[in-house]
Structure formats: C-alpha cells, structure tokens
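Below are two complexes that have chain A in common, paired first with chain B and then with chain C.
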Partner chain A sequence: MEVLGDITSAVVLLLNFIVVPGLSYGSQLALGALGITLVFGILRFANFAHGDTMAFGTMIVILVTWWLQAQGINLGPLPTALLALPAGILLTVVLLVVTDRLVYRHYRRQKSAPVTFMIASIGVMFVTNGVVRFVIGPNDQRFLDGERFILRARDFKASTGLAEGLSIKVSQGLTIVIAVLLVAALFWFLQKTRTGKAMRAYSDNEDLALLSGVDPDRVVLVTWTIAAILATIAGTLYGLDKSFKPFTYLQLLLPMFAAAIVGGIGNPIGAILGGYVIAFSEVMVTYAYKKVFIYLLPQGLEPEGLVQLLSTDYKFAVSFVILVLVLLVRPTGLLRGKVL
Partner chain B sequence: MSFLVGENLVGGYGGADILRGCTIEVNEGEIAVIVGPNGAGKSTAMKALLGMLDLREGEVRFRDRNLSSLTPQRRIAEGIAFVPQTQNVFTSMTVYENLEMGAFLRDDQIDETVEQVYELFPILAQKRDQLAGELSGGQRQQVAVARALMSRPSVLMLDEPTAGVSPIVMDELFDRILEVRATGVAILMVEQNARQALDIADRGYVLVMGENRHTDSGSALLADPVVRRSFLGG
Partner chain C sequence: MNETQKTTAAFGVIALLLLIIGFAQSWNVALGILNLCLISAVMALGVNMQWGYAGLLNVGVMGFAALGGLAAVLVSQAPVAEAWRGNAGGLLLAAMCFAATVFAGIFTYRRVPVGRTRTLALAAVIIAGLFVTRFFLDPTIASIESVNPAKTGFLGGMGLPIIFSWLIGGFVAAGIAWCIGKVALGLRADYLAIATLGISEIIIAVLKNEDWLSRGVKNVTGLSRPVPYELDLQSSAWFVDLMRWWHADALAALADGARSEALKQFAIDGSSIFVKLCYTGLFASVLAIILWLSVRALNSPWGRMMRAIRDNEIAAGAMGKNVTRRHLEIFVLGSAVIGVAGAMLTTLDGQFTPTSYQPLRFTFLIWVMVIVGGSGNNAGSVLGGFLIWLVWIQAEPVGVWLMEFSTGWLAEDNALRLHLIDNAQHMRLLFMGLVLLLVLRFSPGGILPEVVRKRS
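Showing the complex of A and B:
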C-alpha cells in the first residue's frame, strides 16, 4: 500500500512539475512557431521579428488592461487581459501591415532572395524592440489579475490525502484551452475556406497560384493578420503565465524557431509538434528529479545530488542542441517541411 | 478575324531577344501546335501570349481586343488558361482541391464542371481525395489539364503536356485534348513529340530562332518533305 502511495506521489510530482508546465509552455511555443512557419511557408522568409511582434502585441494588451483596470472593468475570475486582446491584435495587425508596406513590399517587388528578407526582418526586429522598450520600458510588468489557481496544491493534497500536491494555474489552463481553440480555428480556416485554400496553394506553388487567379496582395495581408493574431495571443498567454519583459520575448525567438524547424518549417502541424517537443525537452532536462527518486527508490538508495541534468540557466542550450541535431540528421524536420 | 493572336512578337527575358517577329494564332475549336528545335522560343512565344514577358514589339489580341497592357492574372480572368510544363499541380493539395483552385476566379457553382472534368479524366474521380503529389506522372498531367479546364477557358494553352510521360499516356492525353477541342475551346500547344502533335493539329507552326519558318495545317506540315527532313527526323 505504501509502495502504491509512493508511486502515486512520484506521478503527481511529475504531473505538477513537468506535464502541466510543459503543456502550457509547449502551447505558447506552438502558437509562436505557427506564426513563424506560416510566414515562412507563404512569404518565404524566416521572420526574426516575430518575437518582438509578440512583445509589441502583449505591450498593447498590457496597456489596455491597465486602462480597463483603472476604469474598474474586469472579468471576475479570469484575467482582464482577455478583454484587452482584441485591441492588442488590431494594433499588431496595423503594425505588421505597415511594416510590410514600408519594408517587405519593396523587396517583394525586387524579387529579393529570402536571405535579404531575413536580414530586413532583423532590422524590423530591432526597431520593434526599440519601440516596445521606449513605450513600456525594459522592466518586468505584471498584469495578471483575477483568480490565480484552478487547482491549488493544498486543496489537492487535502482532497486526495497524498503527500504531493498538484496545482494548475488559471494562466496554464487558459493557455491550453485557448491554444486548442485557436489551432482548431486556424486549421479549419486553412482547410475549408476559400482564402485558406488560396494561402495553401500560394505556399505550395506560387506561380501556379498566380495562374489560378490568386491575388498575392490579399494572401500577404491575410498572412500578416494571422501572424498578428497568433503572436499577440501567444505573447499575452506567455506574459500571463510567466511575466512580461521585452528581452524575454526576444529570447523566445530561439525556442520558437527551434520548434518550427524541428517540426518541419512551413508545416503547421509540425510547428505544434515542435512546440511541445522543445517545451518538454526543456522542462525535463532542467527539472531536478531528486524527490521523484526518493519516492521510487528503496530507502538508503536515494540520490545525494539534485539529479538535474542541466541548470535552468542553460535551458536555451536545449533548444539549440535539438535544433542542431535535427538540422544534421533530418533537415526537413520531424514532419516533412521545407529545407532551410 | 482571329480569336487569339500574337502578331510580330519581339522580346525576351531582358537579355537578347528570343522572339524575333513570330506570329502565332489560334481559333475556336482548333488545335494549334508550335514545334521546332530547342531554343527556338516555343515556350517563350506561349508565355508572351500570356503576358509573362515584356514585348518590345508586336501585340497580343484576343477577340479583337488588345491584351498587351493586361497582367497574366487579368488575361486568365478573360478566359485564357495555361498549363505550365513543370510544377503544374499543387502537390500538397488533394485532386479535388486542385480543381477548386482552377475555379478560383469563378463565383458560381462548380459541381457541374467538376463532373465534366471527371468524365474526361475518370481516374481523377477515383483519386479525388488523394494528394496530387502522390500521383503518377501521367495522372499529374491529367490533374494539371483538369485544373486549367475548371475555369471554363475559351483558350487552353499547354506547354509540353506530354513531356516525360509514356507513349500510351501520351496517346490518351492527346485523345482527351481532342475531346476538349470538340467543346469549342481553342487549344495552343508547344510539343516535343512533334509528329504526334502535328497529327492532331489543325494549325502547325515551325519556329526557328524566334521566327516563323513554316506555317500550315498539321497534315500539310507532316507531308512537307523539307519539314520532315529538318524537324521530324526524316
């Protein structure tokens, strides 16, 4: 009986510290990677500004959230930020469309090589980053309100009588639910609607799509709109779950690109798969397993160290290693994507 | 008056002129075939009709209207369909979705056209939910032609439709093209398999160095000893 209890405790530990955080972080990465992969598949370049697009969208959401809070408007148990999302999305669409007009359209007309677009996107990244720091500052911003937990560790322990608790934050639950809904909507759009099919056709074979009468300007516009929606929502969910800091969003670029490439860049399903692969690898490699072993191993055999493969400071190394491995072994990604 | 005509076409892709004054014409219910040696400008002439290169001289007229200022997309909307030689299907989309893309500019019901296309190419009805990229070469060519037909064009332009397919598939494809002609569509083809293509052609053009060398009915060109010796291998 005690053995069973120990095993259950170990499982709850893993659920609490690996599965739940992995699922929510994975969902955030998946949404980010989806934006990157869509832009890559349709506009044909690696958009380095995507992390800062997320930061911009989140910044707008935070400002509007603060304004709503000042007006005394809130969503009760849910974060007020959800109410501010439409405004954030709208302004981010404007940002991306204006950027496209000012920067990328010029290179499209020149029929520039993808690497030119990529370098241009790095410039856009710096400018966007500068705007965000200028407006909201480089520091941490908290904008989470409402209920904090769906399930508290204390309540879980009390109701199950287990030694270990399981907690699920509202932000984590929201992340997973919203990610599922958003991905379902995106796939419905791409598979079933006329515009979605035109986008897939344009991504598959640009010349033939033009020969079929697809309007390239419209495809570009819709792609940026979707990228803005995905970036703002991903950024806001990440900010609610952890915290908002412009520099963190710049750093997110690496795991998001890793996710897109691991899954097969240009392939939306791959981006989602890649998001979870990266997130779970990061969480699993940086978790200290000592307590799990204490539950599972006979007394006297428990490990002395933390049993942590990598310090959390090195978590970006995980994305990087996976990225390098995939590019070496399977450059098209896990699901068949394009080769960079 | 002619239906679609490119007259005294002169131009190329920026460098030296590839087309040097050739004239290509096709009428309703007629098959016109362009043959000639490599580098004669056969495909380029077709692309000029579609507006895919800048002409220095000459003009393209369709139903007695000058198309020269229209982009390829606008010309397609006018009823000209084009099947490129390679990469002529959406490989990551199903056969049915390929047909839907062919009808992209239409806003009426497409079911009837889909049925007609399935009747013409029965194999596509069987494979409708399969990805076009998973089909054999011959089946892909059928998808490519079917996609172009979905816009109910009045001119169908085919750039080497039988390149890389087996002789049996080639014969079948030419049979289908004859059936399309019977519906009143004007068909313009560039072909490497000159003999077989001229055999079904109402009008044949032998292009050399971007100029018309011989122009006649398909059967007359086949019978012409000079054309036979120089271009058809005896």
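Showing the complex of A and C:
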C-alpha cells in the first residue's frame, strides 16, 4: 500500500513541477510561434519584431487593465486583463498594419530578398521596443488580479491525503483553455473559410494563387491581423503567468523561433508541436529529480545529488541547443515545413 | 562629389561633432565617446567582412565579443595557484574525456552507414561521453569554486599583460567561430541568422554559469591596464611638469598662493584625459592596422572572389571556387576581428561582466552601424561605427532635453512630464530603429555605399 502511495506521490510531483508548467509555457510559446510561422509562410521572412509586438500588445492590455481597475470594474475570480484584451488586440492590429504600410509593403513591391525584410524587421524591433520602454518603462509590471489558484497545493493534500501537493494557477488554466480555443478557431478559419483557403493557397504557391484571383493585399492584411491577435493573447497570458518586462519578451523571441523551426516553419501544426517540445524539454532538462527518486527507489538507494541534468540557468540555452540540432539534422523541422 | 571627397566630408562631420561635444560638454566625455567609437568601428569592420564581403548573416556578434572579453580575463588575471593545485589532474582528465567524446562522435558519424543505427549510436556516444566527462569535471569544479569564492573561486588566468589578450581574444573567437561555421554555415541566410543568434545566447549562458572559468555573474573586476593609472600620474614629477607647462598661461594669471592648489586640480583633470588619450592611441592603431588589412584584402583577387561568391554563389561555384571553404574562412576572420574588439572593450571597462552582454547593444546595434555606414565599404563601416555610437550616447541627453523643452508648458511636478523625462533615455532605441529603417529604405547602400570598380 505504501508503495502505491509513493508512486502516486512521485506522479503528483511530476504533474506539479513538469506537466502543468510545461503545458502552460508550451501553449504560450505555441501561440507566439504560430504568429511567426504564419508571417513566415505568407510574407516569407523571419520576423524579428514578433517578441516586441507581443510586448506592445501586452503593454496596451496592462494600461487598459489599470484603467478598468481604477474604474472599479473587474471580472470577479478571473483576471481583469481578459476584459482589456480586445483593446490590446485592436491597437496591435493597427500597429502591425501601419508598419506593413510604412515598411514592408515597399520591399514587397520591390520583390526584395527575404534578408532585406529581416533587416527591416530588426529596425521595427528597435522602434517597437523603444516605444514600449518609453511608455511603460523597462521594469517589471504585475497586473494579475482575481483568484490566484484553481487548485491549491494545501487543499489537494487535504482532500487526497497525499504527501505531495498539486497546484494549478488560474493563469495556467486560462492559458491552456484559451490556447485550445484559439488554435481550434484558427484551424477552422484556415481550413473552412474562403479567406483562410486563399491564405493557404498564397503560402503554397504565390503565382498560382494570384492567377486564381487571390487578392494579395487582403491576404497580407489578414495575416498581420491574425499575427496581432496571437501575439497579444500569447503575451498577455505569459505576463499573467509570470510577469511583464519588456526585456523578457525580447528574450522570448528565441524560444519562439526555436518552436516554429523545430516543428517545421510555415506549418501551423508544427508550430504548436514545436512549442510543447521546447517547453517540455526546457522544464524536464532543468528539473531536479531527487525527490522523485526518493519516492520511487527503496530506502538507502536515494541519489546524493539533485539529479539535475543541467542547472536552471541553462533553461534558455536548452531551446537553442534543440534549435541548432534540428537545423543541422533536419532543417525542414519535425513536420516538414517549408524547405528554405 | 567623388568617393574620396564624400568619405572625407563624412569623417569631417564626425570630427566636428566630437569637437562640439568637447567644447560644449567636456573633453573627458568627448574622448570617452571617441574610444568607444573606435572599438565599435573595429566590431563593425568584423561584421562588414562577413556581411559586406561575403553576404553571411551573423547575428551572433555578442557571443564573439564576449569571447574576446573572456580572453582579456584569462590572459591578464593572475593564476589562482590554490585552485590549480590538486585540480589540474581532474581538469586534464575531463578535457581528455571531452576530446575522446568528440572524436568518437566524429568517428561514428563518418564510419557508421546513414540510418537509424547511426543516429542511435551517435546519441549513445554523446550521452555516455557527457556522463563520463561530468563525472570527472563536477568534483573538480566544486573544488575550484570553493577556493575563496568571495575573491576568486575560479582558475584565474595567465598573468600576462592585458594587451596580449587583444590578439588572443581574436584567436579564441576565431577558434569558436571555426567550430560554429563548420556546423552552421550550410544553412540559408534566415536560418544562419537565427542559429547564430541562438549560439551567441548559449555562449553568454556558459559564461554566466561556469564560475570556474569566468567567475560567472560574480564578475571579474579590477583587470590590469595597458596604460598608466591616474593616481600614479598625479604623483609623478614629469606629469606634473607637463601640466605646469601646458597650463602655464592659466597658472601665471593666478596669485602665488592659489597656484599649487590649481596645479593639483589640473593634474587630476589632466591625468584622466591623458589616460583616455593613451587608450585612444592604442585603439586607433589597432583600427588602422585592421582597416588597412581589410582594404587590401577587399581589393585583392581574394576580395573579388568573395564578392563574386556573395553576388552569385552558383556561378562562382561553377568557376571552381570552393564556396564552403571561402565562407568558413571569412566567417572565422570576421569573428576574430569582433573578438579583438571585444577584448579591447573589456580592457577599457577594466571588468568582465557577463550580464552586460545584451543582444540589442552588442549584436543589433553593430548591425545598424554596418547597414547605416555602408555594407561592403570598409570606410563606410568605420563611419557607421563612429556615427551610430555618437548618436547612441548623445540621444540620451538630447532626448531628455527635448522632453524638458516640449513639456515646458506643464507644471514641474506634473506626472506626465516626469514620466516623459524619466523615460526619455529609451528614445534612443526608437531613434536607432528609425535611422535603420530610413537608411534601408531611401539609401539601401548606406551613407558610403560599396564602390564597384569597373575594369578599364
């Protein structure tokens, strides 16, 4: 009986420290990577400004959240930020569409090389980053309110009588639910609607799509709109889960790129898969398994060290190592994205 | 205007700007900016070799600069004898295990036929090698890091004069660049960019966490200097005499009693400027050497071959040029130049702080320099290094001034006014982005575009 209890405890431990955080972080990465992959598939360049687009959208959401809180409006147990999301999305769409008009459209008409687009996106990255820091400052901002936990470790322990607790934060639950809904909506849009089909056709073969009467300007506009929606939501969810800091969002760019490329760039399903692959490997490689082994192994055999593959500081490095490996071994990604 | 006139005019403007800063703010500030301009110019030259000559998109500048900085530490710091004692064997064993793993890995990759067996065998070799290496390395590291962790806790360096690190920094960066290039250069431009960005982050992560090597986030401070210290200067007779001669007029105008006091002040101010001038001399010589070599290389048959490869890889390959080899060559050379600049920067700072390496400042800003200055043109990259660094530094005071000026109609303690003035320093990111976008749009070749010489 005790053996069974130990095994359950070990499982709960893994659920609490690996599965739940991995799922929520993976969903945030997947939403970000979807934006990158869509822009890559349709506009054909690696968008370095995506991390800062996320920061911009989140910043608007935070500002509106503060205003709502000052008005005494809230969502009860849910974070007020959800109410502010539409405003954030709207302004981010405006930002991206204006950027496209002012910057990218010119190069599209010139039929410039993807590298030129990429360098231009570095310029956009600087500008957006500057705007965000100018408006909200470079510091940490917390904007989570309402209930903090869906399931508290203490309550879990009390109701199950186990030695280990399982806690699920509201932000984690929300992230997973919203990500599932959003991805479902996106796939419905891409597969079933006329515009979605036009986008896929354009991504697949630009010339043939133009020949069939697909309006390129419209496709580009819709792509930026979707990228803005995904970026704002992903950024807000990440901010609710951890905290908002402009620099962190710039750093998120790399795991998101990694996710998009690992899954196969240009392939939406790949981006989602890549997001979870990156998130889980980051969490799993840096988790200290000592306690799990204590539960699973007979007494006297407990490991001495932390049983940690890499120290937590290498968390970000893990995603790059995977990225580099995938680039070298299978450049098309796990799900055969566009061949670059 | 022909090319020479344009270049001269552009550098004249920079000199004028520096003079204005010297007169309006102080010569100390102007020289400080000039020194960093020189270092930035060297870095920009390195990036220009890779991007301008050969079209390689290296977005890992930060990593190579940090490797140069590491070289400065490893060359100039005194060795920590206590850490070496008893640990040298462990280190050697770990290094041998690591080397054995690499060789076994290469052997497996080459000899086992392609397929699942090879993948599995390779994975097994790497994982086994990792465990064996860590088995020897972990206790050694723990023992090294436990040696007086507040002060040392690392192996120390070679105790040589720091100026050697400039050369060694270049070699370290070149060595790592060779390894990276061997694996990553087959990738297409976008992928290469993302891969190098990732690799540079890995380099920084290693420097931050491997305390036995670089003291990690505990930083290494108080690096030795290639130039005299201010305090020594102030107490040396020849320097005081120099100051007396330099400021003779001002001193003569003073009353007898105030003279020695004034002389002391002149010596304090002068020593700081003198030290900066020494640095300027050193950096300028390095820049001059590298610039001369770059110009020679670009105009040589080798340089023409590079540009031919950049403009059309397939055609160049068909003419019998070994594209892969040439790419590796230029990637290593450019990275070495960046490493030299990184070592110079750490020397100037007098400390090595891994946390200060951030991609915006060390990678993307250098890219802005190359694009704005003129990619493919050495003088252009140097100009970009000077101009962008000047703007980067001066955008802060100008931004604050602009905000104070434009919010002058608001009350002193108005929240909006305070916020704007407080955050004005972040305007420089915005400004940098705008400069990049405008140049890219309206003058894609940069201020001094590449010169294409026609055969007469």
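Everything below uses one rule, namely that the second predicted complex is superposed on the first by the 339 of 340 C-alpha atoms of A that agree within 3 Å, B and C clash if a C-alpha of one lies under 4 Å from a C-alpha of the other, contacts with A are read in each partner's own complex, and residues count from 1 in each chain.
The rule is short, and it goes like this: a residue touches a chain if its C-beta (ideal position, glycine included) is under 8 Å from a C-beta of that chain, and two chains touch if they have at least 3 such contacts.
Here the structure is a predicted model, which is why all the values come from computation and not from measurement.
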item	value
Chain A as common anchor, with chain B and chain C clashing or fitting	fit
Touching partner for A:153 - first (chain B), second (chain C), both, neither	neither
Touching partner for A:200 - first (chain B), second (chain C), both, neither	first
Which superposed partner A:212 touches (first chain B, second chain C, both, neither)	first
First (chain B), second (chain C), both or neither touched by A:254	second
Chain A residues touched - chain C or chain B, whichever exceeds	C
Chain B versus chain C as contact partner of A:118, first or second or both or neither	second
Contacts of A:294 with chain B and chain C, given as first, second, both or neither	neither
Per-pair minimum CA distance [chain C against chain B, superposed on A] in Å	19
Contacting residues of chain C [partner chain A, same complex]	57, 183-184, 187-191, 193-195, 197-199, 201-202, 205-206, 208-209, 358-360, 364, 367-368, 371, 422-424, 426-434, 436-437, 440-441, 444
Residue ranges of chain A touching chain B (in the complex, touch as defined)	194, 197-198, 200-201, 203-205, 207-215
Parts of chain A lying in touch with chain C, wherever the complex brings them together	45-46, 103, 106, 113-116, 118-120, 122-131, 133-135, 137-138, 247, 250, 254, 257-258, 261, 311, 313-314, 316-317, 319-321, 323-324, 327-328, 331, 340
Contacting residues of chain B [partner chain A, same complex]	72-73, 76-77, 82, 84, 87-93, 97, 100-102, 104-105, 147, 151
